[in-house]
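Please go over the structures that come below.
In what follows, chain A forms one complex with chain B and a second complex with chain C.
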Partner chain A sequence: MSLQNFISKAISPWMKNEGPDSDIVLSSRIRLARNIEEIEFPIIASKEKLENIIEIVKDKFSKHTHRKFGELELLKMDDMKPNEKRVLVEKHLISPNLSDESKAGAVLLSEDESLSIMVNEEDHFRIQILLSGFQLDQGLNYANEIDDWMEEKVDFAFDQKRGYLTSCPTNVGTGLRASVMMHLPALVITRQMNRILPAINQLGLVVRGIYGEGSEALGNLFQISNQTTLGKSEEDIVDDLRSVVVQLIQQERTARETLLQQSKLQMEDRVYRSYGILSYSRTMESKEATQRLSDVRLGIDLGLITDLSGSILNELMILTQPGFLQQYAGEILSSEQRDQRRATLIRERLKLENNA
Partner chain B sequence: MSLQNFISKAISPWMKNEGPDSDIVLSSRIRLARNIEEIEFPIIASKEKLENIIEIVKDKFSKHTHRKFGELELLKMDDMKPNEKRVLVEKHLISPNLSDESKAGAVLLSEDESLSIMVNEEDHFRIQILLSGFQLDQGLNYANEIDDWMEEKVDFAFDQKRGYLTSCPTNVGTGLRASVMMHLPALVITRQMNRILPAINQLGLVVRGIYGEGSEALGNLFQISNQTTLGKSEEDIVDDLRSVVVQLIQQERTARETLLQQSKLQMEDRVYRSYGILSYSRTMESKEATQRLSDVRLGIDLGLITDLSGSILNELMILTQPGFLQQYAGEILSSEQRDQRRATLIRERLKLENNA
Partner chain C sequence: MLCQECQERQATLHFTKIINGEKTEFHICDTCAKEKGEYIPGSNSFSIHQLLSGLLDIDQPLSSTNSGLNQVKQQLKCPNCGMTYQQFAEIGRFGCGECYKTFNEKLDPIFKRIHSGNAIHGGKIPKRKGKDIHIHKEIERLKEQMQQYITKEEFEKAAEIRDKIRSLEKSLDKKREG
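Now for the complex of A and B:
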């Protein structure tokens, strides 16, 4: 497969850098945890019972066309090769937990991948809406729509006092997790992030790296989400997150202006050196790639680099993950081979861009 | 002036990377120290006496055409701007000492700059032949020819027992210093240089960096020369140096083969990263430029980089020195401005190469 072809197949719309404020907010995500009434949570349910849920999904959801999201494809974890699952994890469409741990896990995917419903992860259902840019409200609308659509056909475990019941107590109530992925290089370079992070935590929000809990904030990418799901309405949870994100966007923009005014040459040198290394290197670890892609993306956003489109960070961040590299190579690769393929893929991708 | 024009004017033939073994030996130099009989050495002579020597030079040498070197141009230090002198130092045509310290210093230059005769440096005359590649014998032949040509017209201070008399006792005898500039990156990368250097010193040779005594061996460039000038014939001195250089060439070639066999990918990555940084950076200190140019040159010599000619290291090593940068800019620059101009000049030079 040609690289161009591979990319056009691999890229989901949310990676395309098209949403509002997409110079800073890469993506917005809404997730609702739901369980079917009177069936045990996946942690204690037998494999048979969980397979029964998949039958319900087949019957009630995957065979019907949804008004907005079209036909949903059902993928069972047992039917997939390890690397196919890995690619879905890297695209943020399923969790590592569903891929590796679930007894009868599956996922329902819309064709544009903006909707994914994990089946038999920690809960029976995890409805996820993933959109490009800063679109939390839109995400919540879509998630509610899917929630209603599903509730027409199955009864969800619900308690009048507590709200939706979930496997883990931290999700009880709304079952909602709202999150945004933000690119905040100027706040990192100007050393403001260390001061900002504790303040965000105090507001009841959680900051993580790009691959969820416990992952490092590589490439100046920060995933910010709500911690509380109980005692607040869905709208209030999203509002609280949104107001913090709006402030962060403002702070990042101010920091970028400061960098341009006070150290333009140093910034230009930094982003172009990373551009040069990405264009020429022959082997590169994932961590370095992420950092250098962040530099180049900042250079684009600052108007210092003009011959590249802003979506390359989003794209290449995903395409240079191990699963994707192996999918493109058509074989399982050692760590050294991946580093080499990663450098090659980035070089070829940048060349495509320069030829365009 | 266009860069192409500037370069073609600035480059001396010895930088062109054309001589024998020029993949490793950048240049060969022969220097003879001579003094006129019955005139005090420059250190103690009055300015009047030294000006008298310049008159002798004008009368006897600069007005006559030499069979091999053509017309010689006389440049007096007092008539030159500081940056003009700096450029001559950077081209290795005069010493910093002549530029800054001499009372009535001057230099006689052949048009192709392979011959320079410093006047009133430490000695009345310092005859220098500077050739591309490994050409010590040819250099000695030329130097002897100039020595004879001068001796036809003036009497040199000579002692039957000691040989030629010079200002510093270390030059008494032949007055000869033979040296080669070698590029030995593979011996440095494979950590053999630390073992080799003391062995070379034990053979009575001296190893220095590119800008003479006390200068660091930047860019894996080593200047190797004889220490002794007394008690051996000119031919023996050159023979001893040559045999060491032949061994070093062999060792460097072996080390390069080893690198290619054992760590080709790492070498490719290293030389291409340096190529990328040189092609993209916006500010660069002299030290880094020298090191990265050394990497790129090694890449060319190993056949890993094929779209650049080998002479760029030689050229750019010189063209990115402060004097040249200021000459090209047409003004005196601060250190920060030079770093910026250096990066720009390298980028433009590499672009010229890629367009060619």
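Now for the complex of A and C:
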């Protein structure tokens, strides 16, 4: 398969760098946790009962066409090869938990991959909408629509006082987790992030690096999401998150302007060094790739690099993950082989862009 | 010993995690340890639940000094799925929807701790199943109103409301039969 072909098949719409404020907010995600009434949660339910749920899904949801999302395809974890599952994890369509630890786990996917419904993860259903750019409201609307559509056919575990009942007490009530993935290089370079992070936590939101552990955020990518699910309405939860994200976008833009005004030469040097390394390396660890790609993306956004499109970060961040590299190679690779393949893929991808 | 992540290289890093008495051993190689940030299946949810179970168990030191409380705790067992409160506190997750009713008296402080002071749902109500809930809420409101009229000795008005309540209750019964 040619690289171009592979990429076009591998890319989900949310990686395409479209939508509002997509220079800073890479993607928006809404997740609703739901369970069927009277059936034990997956953590203790027998495999038979969970397989029964898959049958319900097959019967009521996978054969029917939803008017917005088209036909939904049901994929059972037991029928998939480890690397196929890994690719879905890397695309953020399923969780590592569903891939590796679920009994009778499955996922319902829409053709454009903006909707995925995990079955028998921690809860019976996890409805997930993933959109590119800053589109939390739209995401919530879609998720609500799918929720209503499912509720027409199955009885959800719901309690007047506690709301939607979930396996984990951190999800009870709305079952809603709203999150955005943000690229905040200028706030990191100007060392403002350390000051901002504690403030965000105080507002009941959680920030974490997407790649990398703890406070170290590889590639200057941060995921911000609500922590509490009980007490507030869905709209209020999303509003609270949105207002913080709006402020972060403003601060990041200001910091980018300051960098351009006060240290243009240093910025130019930094982004072109990374561009050069990505263009000519022969082996590259994922950690370095993530950081270099972040630099190049910043260079594109600042107008310093003009011969590349902005979607390069979103795309290559996913395509250079181990699962994708193995899928492209068609075999399982050692970590040295992956580093070599990663460097090659990035080089070829950049060449594609320059020829276009 | 081979690395448990890649099954290829020799494991060079050995460590044991003990959380709440539960022992987990890890044997991984240098390369996979370096890649830890890149991908470790399930590592994320693991730590969250361990943390959470600590939170749920927060009243344990108190209850262990008070044998009466401890007994109550042990007696709580969900009739639907069989999960005990002790098990819930250990794994940090409910076994089924019924557990919420079974452990109800203990949940308010837990929810308040997790959800910045909230213990009562304030969001969406399912459209189809929720119809009954709307009616129940209306009945409760009318009953309060009826009590007020009774204390004011306005019995005619109270009777009017009683009829309204009866017709609402009938509509609920009909639904159940249908």
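Quick notes on this one:
Just so we're on the same page, the second predicted complex is superposed on the first by the 350 of 356 C-alpha atoms of A that agree within 3 Å, B and C clash if a C-alpha of one lies under 4 Å from a C-alpha of the other, contacts with A are read in each partner's own complex, and residues count from 1 in each chain.
Heads up, the rule we're going with is that a residue touches a chain if its C-beta (ideal position, glycine included) is under 8 Å from a C-beta of that chain, and two chains touch if they have at least 3 such contacts.
The structure presented is a predicted model; accordingly, all values stated were derived computationally and were not measured.
In the superposed model, A:268 makes contact with chain B only, not with chain C.
With both structures placed on the common chain, the touch criterion links A:279 to chain B but leaves chain C unconnected. When the two complexes are overlaid on their common chain A, residue A:331 makes contact with neither chain B nor chain C.
The partner that reaches more residues of chain A, of the two candidates chain B and chain C, is C. Contacts of A:152 after superposition on the shared chain: chain C is touched, whereas chain B is not. Touch criterion not met for A:55: it reaches neither chain B nor chain C.
The residues of chain A lying in touch with chain C in their complex are 35, 37-41, 43-44, 86, 89, 95-97, 99-101, 122, 144, 147-148, 151-152, 155-170, 172-174, 176, 204, 211-213, 218, 227-234, 236-237, 285-287, 321-322, 334-335.
Chain C meets chain A in the complex at residues 6, 8, 31-32, 34-45, 48-49, 52, 56, 80-81, 83, 91-98, 100-101, 107, 110-111, 114-130, 133, 136-137.
For chain B in complex with chain A, the touching residues are 265-266, 268-269, 272-273, 275-283, 340, 343.
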